[in-house]
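Each chain carries a letter (A, B, C, D and E) given by its place in the written order, and its residues are counted from 1.
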Amino acid sequence: MILGTVVGTVVSTRKMQSLVGYKLLMVQPLYGGEERMLVAGDTIGAGIGEMVLVTTDETTQHAIERKAPIDAFIVGIVDSPPILGK
Amino acid sequence: MILGTVVGTVVSTRKMQSLVGYKLLMVQPLYGGEERMLVAGDTIGAGIGEMVLVTTDETTQHAIERKAPIDAFIVGIVDSPPILGK
Amino acid sequence: MILGTVVGTVVSTRKMQSLVGYKLLMVQPLYGGEERMLVAGDTIGAGIGEMVLVTTDETTQHAIERKAPIDAFIVGIVDSPPILGK
Amino acid sequence: MILGTVVGTVVSTRKMQSLVGYKLLMVQPLYGGEERMLVAGDTIGAGIGEMVLVTTDETTQHAIERKAPIDAFIVGIVDSPPILGK
Amino acid sequence: MILGTVVGTVVSTRKMQSLVGYKLLMVQPLYGGEERMLVAGDTIGAGIGEMVLVTTDETTQHAIERKAPIDAFIVGIVDSPPILGK
């Protein structure tokens, strides 16, 4: 999974019906530059500035109840930044 | 998902039958250089210059009615560029 | 999908039975350097120098009749290089 | 698969129910810089500093008993760093 | 698919039961630096120094008889390095 920080929200009125109901959050991965920025679906309620865990590709479908064309999904809010070596 | 701008159209007369009916649009991701340029299928009707949300890999199959060999698909047109930190 | 040019052929006599019958073509993506070179299966008959559209990962299975361990497949031959902005 | 070293643990109290029961370990791939750092699920019991083998994407589902939104999973602990050329 | 050279073997005694029976070989992709090094499963019997064709992600499951958490698998041994332009 990708560890990252929520840095913004994406608003898309004209979108696929199956995306309705999911917040779309911009996540900046902790490791790797801006080019790895991505948009993830969310139902946990992560807020701006929170550190989150994102799963990708088809595994996202195991985080939602009905199939949807979403290839990145927030699956957890991290309690505190991991301390490397512990 | 990938946030990007529609920058062109791809025309392919000799293609798989299962691709017929989908517009094929060139999308330049907002984050990451030209090397991340990709071709995405579209049924929403995104136009050149519009900012779109693209899903990838097998999750594309949840955006279309019949299976097709398309690994990137436009799932939304973004209302306005996201403001980071909000 | 990836837009690229066919630049060579791969010959593999000792291969999985399920790969038999597919031409294996080397494709240099239009965007991104040589490190993105890949080998794609083909049944459309793309020739050396032609510009093609390649789909990847599990979506390749929707381009072929029986399941095969191929993660990149040519799904179209592009009529002419896309003109950006049109 | 990815060869990497376990360098930390991730604690996420507010997470998807289907993630409960899996340790979440930070893995630094042996090849490629910090930008390739990832979080992997674990049931083998890998410890900090151990070299592990990680599988990714939907193939993770073949390492666990019930479906879960996890796109990276530890599938082995490597006996000793591979000697290239042998 | 990825074209690469077998450069080593990985030994993992403590591994998932479903990985038993597959040789685990280190493959250096022909295109792209060391950061793209990966570990692939093998049943064809590729040797050190041989050039191989590797498929990835869920498509690996079409190369094996029973499901296994392996996201890269050798599907062919290449007769000779491809000559670009032919």
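Here is the rule we use: contacts are C-beta pairs under 8 Å (C-beta built on N, C-alpha and C of every residue); 3 or more make two chains touch, one makes a residue touch a chain.
Chain-to-protein mapping (UniProt): A, B, C, D, E = Ethanolamine utilization protein EutN.
Please read all numbers here as calculations on a predicted model, not as lab measurements.
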Interchain contact steps from chain C to chain D (minimum; 1 if touching) | 2
Could you tell me which chains make contact with chain A and chain D both?
-> none
Between chain C and chain B, distance of the C-alpha-averaged centres to the nearest whole Å = 19
Per the centroid of Cα atoms for each chain, what is the distance between chain B and chain E, given in Å?
-> 31
Could you say which residues in chain B touch two or more other chains, in rising order?
-> 36, 57-58, 60-61
In which sequence are the chains arranged about the ring, given a start at chain B and a first step to chain C?
-> B, C, E, D, A
Contact set on chain D toward chain A in their complex = 7-16, 18-19, 24, 26, 34-40, 48, 57-58, 60-61, 67-72
Report the residues of chain C in contact with chain B in the complex, numbered from low to high.
-> 1-3, 30-33, 36, 44, 53, 55-63, 73, 75-80, 82-86
